[in-house]
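Have a look at these structures, which come just after this line.
Okay, so chain A shows up in both of these, paired with chain B first and chain C after.
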Partner chain A sequence: MNLAEESFLTDDFLRQLINVGEVDILVGLPTRNNAKTIGSIVSTIQSGLLRGFPRERAVIINVDAGSRDGTPELVTGISIDDMRPGSNLNALRTLHSITTDCDQNAEHGIAFRTILAAAELLRAKACVLMSPESANVKPEWLAAFLVPIYRDGFDLVTPTYCRQKFDGLLMTNLLYPMTRAVYGAKLREPYATEFGFSGRLATQFLAQNRWEDGAGAELRLTLAAIAGKYRICQSYLGEKIHRERSAADLVPVLRETVGALFSALEPDFAVWSAVSGSDAVSTNEAEHEECQGSLRVNRKRLREMFTNGVNELESVFQSILVPNTLAELQRIARLGEEDFEYPAELWVKTVYEFAASYRKSVINRDHIIQAMAPLFRGRAFTFITENRNASGTDLETNLENLCLEFERLKPYLQQMWSV
Partner chain B sequence: MPINRDALWYKDAVIYQVHVRTFCDSNGDGIGDFQGLEQKLDYVRELGANAIWLMPFFPSPLRDDGYDIADYHSVHPSYGTLDDFRKLLASAHDRGIRIIIELVANHTSDQHPWFQESRSSRDNPRRDWYVWSDTDNPYDGARIIFLDTEKSNWAWDPISKAFYWHRFFSHQPDLNYDNPAVREQMWEVMKYWLEMGVDGFRLDAVPYLVEREGTNCENLPETHAVLKELRRKMDESFPGRMLLAEANQWPADLRPYFGDSDEFHMAFHFPLMPRMFMGLKLEDRKPITEILQQTPQIPPTCQWSLFLRNHDELTLEMVTDLERDYMYDTYAESKTMRLNLGIRRRLAPLLSNDRRRIELMNGMLMSLPGTPIIYYGDEIGMGDNINLGDRNGVRTPMQWNGGVNAGFSAAPQERLYAPLIQDPVYGYPAVNVLSQKASEHSLLNWMKSIISVRASTAVFGRGSIEFLYPANHRILAYVRRLDKEAVLVVNNLSSSAQAVELDLRGYKGSIPIEMFGRNMFPRVGELPYLLTLGAYQFYWFRLRRI
Partner chain C sequence: MREMIVGELMQAMHDIAHGFAHFLPRFIVMVIVAVAGWLIAYVVKVLLRSILRLVRFDKLSENAGASQLLSKAALPSATEMVSRFGFWVTWLGFILLGVSVLGIFGLQEQVARFFFFLPRLVVAMFILFFGLLAASFFSRATLLAAVNANVPSPRLLSLSVRSIIIVFVLSIFFEELGIAEQTMLLAFGIAFGALMLGLAIAFGMGGRGLAQSFLERRMIRGKKLENNDDDLSPL
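Moving on to the complex of A and B:
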């Protein structure tokens, strides 16, 4: 019997892992042309490790998708000795930083898969994935993610942030409420670019996940943790500042997030169909708070893109949506700006119908996800309009109502699912 | 075996540290003595040690195990007579073993006649032999060393109604080295023993000889001047003798004690020792390579003195707070194991009696640059008794056999100066010289073997060191070189098997010959040299060019 198998880990990376050996803590850092930010992020990670875990065996693993700006060299070139002047940081042991390449044309999932594989091979007890784009990462974040896992036995730690008003509209209008309604866990950031996870969860997910569809693996890990009844908590990190995204970024983001959520529903059906209502997830420090300031959004452009999308994609929507829903969307698309409203109930039904159509692959699944983009923009327009003058508390109340709408209409999802 | 006449003999030495009291009792009074030690010289020789460092044997009230000397010109009657000492000296020399004795120069016992005179009146000629003050304010920049027992470096003397200065216990007043008469007297003491034939002195507590206001009263230039003066006098009259400094300091502060080859021949490398234990527990070479990188070059005629354990606590003064906490938590979980800023335990218990770790630590001791010192009993894996106070738990009688009193003494057991180790793991029925001599694979025989291999080349005592930094941080690897001879040392600090690739291109063409079994390994080429090592395993390879 031939058990030979192609490995996605290079020999050079394997050699580096052998040299690192078993670790207690693993920090994964996927990158691609992040030279501008990566230096300070790596220094912050090292500082966080030395402050919070001076005795633990730790490694920073950079998986780089073909940077041409020297990002990997920056990751491995930063030494804790550079931080020592003026600080009280001392390292008891070697703090490793290693780097490997992944196919720049491959989906983001290969980087995460590499990190998970490293976690398993190095028998890491606690892991954290860090974003190379976070502009305000703090050393305390490491402890916020790792302490619950390393010392308290949690398997997944997702962040909560203090967000500016209207930051994270996809999270507030879809990912959070739908995940909460379907899986029954009030997890504020089910899709995070930085989060902590246990080696146990990493190993389990690495073996079970369908890696041929790598997009959104981070979200699928979260969903797998909820579905698998792993111990989950949230840690409050404070303000979230990240790179501004252009309108063109929406579809890839939908693919990674909504696509991952929809594709997870199928194997998890037995789990989520038995769930009703939702349970709180324990949170370290502040539950949620709103930062000062509001994200500037071009509302006019949002509505235009919605209207154009509904008109141009009618034939696509006919395959995805039930006639009543499509008719209602077309009615809204004809409304002027003052009268425009994409109500919560219609939005939830739209999302659930998309999810069911995704399952049935009524058309190419990628096209289904792409078709969501204009509808999400329409919903975003309404959410912004409704909450333009809302206080932080009011905004929370409105968000809670939306979540309850997702929960109330969950039977509709189940009905659509089985049609 | 003739004595090594080389002026740099201390570089090739393996030193055996022993207290006369602890080793062998010849007259059945329960206390070890010179005659007993003389009877055991062949044991020391067979072990492979070629020098003995004798801890203080002078008349003393013994409130600090003899480091409180009451008379520098005699021996404590419990240990025998001066003639007994002379006989021991001659017998040792006959066997090629040199004798290094203690010179506790910083302070005396408060029972010393000098102090008795000094305190007797403010007009006494010896009043100024010690450091007196009407207040306890001066020199407040000096730290307190024995934190667990002393609250101040000043003690009130009710007789002379003044404070006297002491850096250690309050019953150990510091001598005043600003007084030329004290310096001259200390040289007289040295001359007395050198004329008798001792081969060197281990100078105790040397950083503290002189005090100056506004300083921490350690490592002062005036102290170095005193030491240089003693060295000059010794070299002039007694060439070939050796001075060893006990200065528990950071490497950069230790360097001046070597001077320009005009102060000490040797100095203990205190900061290295705890880092060897730390590296082993962390399974990471970083603490060891880091401190050795910080260690300055010393003059070619000088030498570091290395040790794993000694009669004192495993001192943690020269580590950071983070490192000290780690050492306490990992090596002294019970608070009773802690003393001052250290851990009062022997080697074997510290290493959980793990033979592999004991061997690895001794392997590093024998192969890192310096002269190794073996603390008596550690060569057989003796245990300690943490129920005894102060540092007495690591100063129990030597365990020669499993018979009466471990073969140490014929006295009734209750008269022994200290109780024997009797626990099931380390007690003398289980751990003793006789049984280990009879067992081919005992620790004792292994120690003889490694000392013998070390002695087969001068490279360990005199060679340079070049660290290799393989990517596997669990591996501590270095090449020791002397002229054309090169020895590759590879230590696995990990509790698991490890693979390591070494960059040996600089030795391309060499054939590594493993020094214990003398087996050849594949020739070194261009490619990284791959080795696998079992848990805590180490290799010594002679790199032969044939």
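Moving on to the complex of A and C:
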């Protein structure tokens, strides 16, 4: 372990890690005021470990960002004996649960970095990151993430979900297609709140020291794994259920995901510029399953915020976009609701121009990411309108077409990149 | 009498010749200093231009909004302006140094004043540039935050932030230069006060609803307000 890692791990946490000793499996659980849900999640994790890995040495590491509702106490307070009555679960090894604090004002990603450092210190073979926000965690998820790593030698296991229609629009309209086009891997959830990774990948990623840009460390790990040609697979987890949804979170989400993706493009240029097309990533069980139901989205508000954004942010877009793209966006912004269409080609060009401007820092990078929010809303409006009556299969076909558009226009990104 | 006049004339001629002989070497030194100064100033200009191009100063200036001001005034780019400024300050410094060699009474005091003023001028320019940069940054941040929060009149808000910062920066700039300090202080007080009063009235009159909903959100916990969300689920 290097000095930089030593400086951000507290002495108390280091003592706890020394007491634990080496482990086979590590479960990371970053929390912040999750008292309502953490109990059931920890129980599910323990149950999953006991069912799938009773002989392995395992530890649950909770990194808490200043909870005021007693979340860390709940994590360490849940005994493995609580779930034994009525079940046939037996652990042949001690299952440790330890907790540490990180500064609530510290940059996002410090919790994840702490988990990675702990994995390196404890020489964990397989690790899994679990989200306290997930509403339907099942014990089987642990096996879905850990088995491919622990027994089959994979380095990264990302989830695939069955999603309701129009759920995860940023994932379907930007993160998945762009990651696929640029890095050449058909990874459905490049940014996941729960995923598995090997100790080897954790150590390599820590050594790369890609923490200076803050947010989106989970996505950076995924991109580092693709760029480093690590063995990657996907595990199907079933339906994705969000505990809470809030449109006000769009800008922070863009920072964590799109910001992380854009900033990774620069160091990975040599890798992605040599990639053409995209390859499938091995997936256990069904890659896609049609989910029932559709999320209700306020379309009127989406278009209104797009139009307002294009009109008000003209001076900002002049620095980021090429004149033709901006003129086209302004033309779209003048269209009525019935005629409104933000075509895939224009959307892809917009995203690539944003990525190139981000690289060149034409204005403050955070401002570039913020300026993307109204444009994404416009694209979301068109995507929803186009697929309002589409079946699951049609939706998949349309999504595939969007991905192919991202791949087709990849030379445009390279051209913009080198201008 | 005639001899006396001739003597005086000869004395005058001698004094002039003596004065000229005394002045000429100094004048030559001054010319040499000025020429050497021109060469040094030229090197400074070229060096400055290269460094500023290397650090993409024009981009920085564009972000600060200084480039727009310069182009509106039909002036060259910021890099060119700063390198020319460097050239003239350096050359003027050398010329004044040369002039002081002439030993002309009164000029030396002016030269000393100039060299005393020079650091203040540089600091003032520094304040002006970074002030414009800050004004541009914060006004853009306000604009983006307001647009993404769907707040009415985001450009007005952004312009207000820019104006407040620019007024503040200009007052510091003039104070640093020592130009009409009292007037500038008074003008700043009046402009800033008027701006604040204007904003307060605008918010009170035009944004009653906004103020009401803001206060309701702050004061009455749990009160349900109109849903302003688009219900988007990005991830």
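Please note the rule applied: the second predicted complex is superposed on the first by the 413 of 419 C-alpha atoms of A that agree within 3 Å, B and C clash if a C-alpha of one lies under 4 Å from a C-alpha of the other, contacts with A are read in each partner's own complex, and residues count from 1 in each chain.
Criterion: contacts are C-beta pairs under 8 Å (C-beta built on N, C-alpha and C of every residue); 3 or more make two chains touch, one makes a residue touch a chain.
Every value quoted in this text rests on a predicted model; they were computed, and no experiment measured them.
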Contacts of A:G21 with chain B and chain C, given as first, second, both or neither: first
First, second, both or neither for A:R210, with chain B first and chain C second: neither
First, second, both or neither for A:V316, with chain B first and chain C second: second
Chain B versus chain C as contact partner of A:Q370, first or second or both or neither: second
Partner chain(s) touched by A:T94 [first = chain B, second = chain C, both, neither]: first
Partner chain in contact with A:N298 - chain B first, chain C second, else both or neither: second
Broader residue contact with chain A after superposition on the shared chain, chain B or chain C: C
Which superposed partner A:V362 touches (first chain B, second chain C, both, neither): second
On chain A, positions contacted by chain B and by chain C: none
Contact set on chain B toward chain A in their complex: 278, 282-287, 320, 322-323, 326, 470-474, 494, 496, 498-499, 501
Residue numbers on chain A that touch chain C, as the complex places them: 166-171, 191, 193, 242, 245-251, 253-254, 257, 295-298, 301-302, 304-305, 308-309, 312-313, 315-316, 319, 362-364, 367, 370-371, 373-374, 376-377, 380
In the complex with chain B, residue positions of chain A that touch it: 15-16, 18-22, 54-55, 57, 90-94, 96
In the complex, chain C residues that touch chain A: 59, 62-63, 137, 140-141, 143-150, 154-155, 227-235
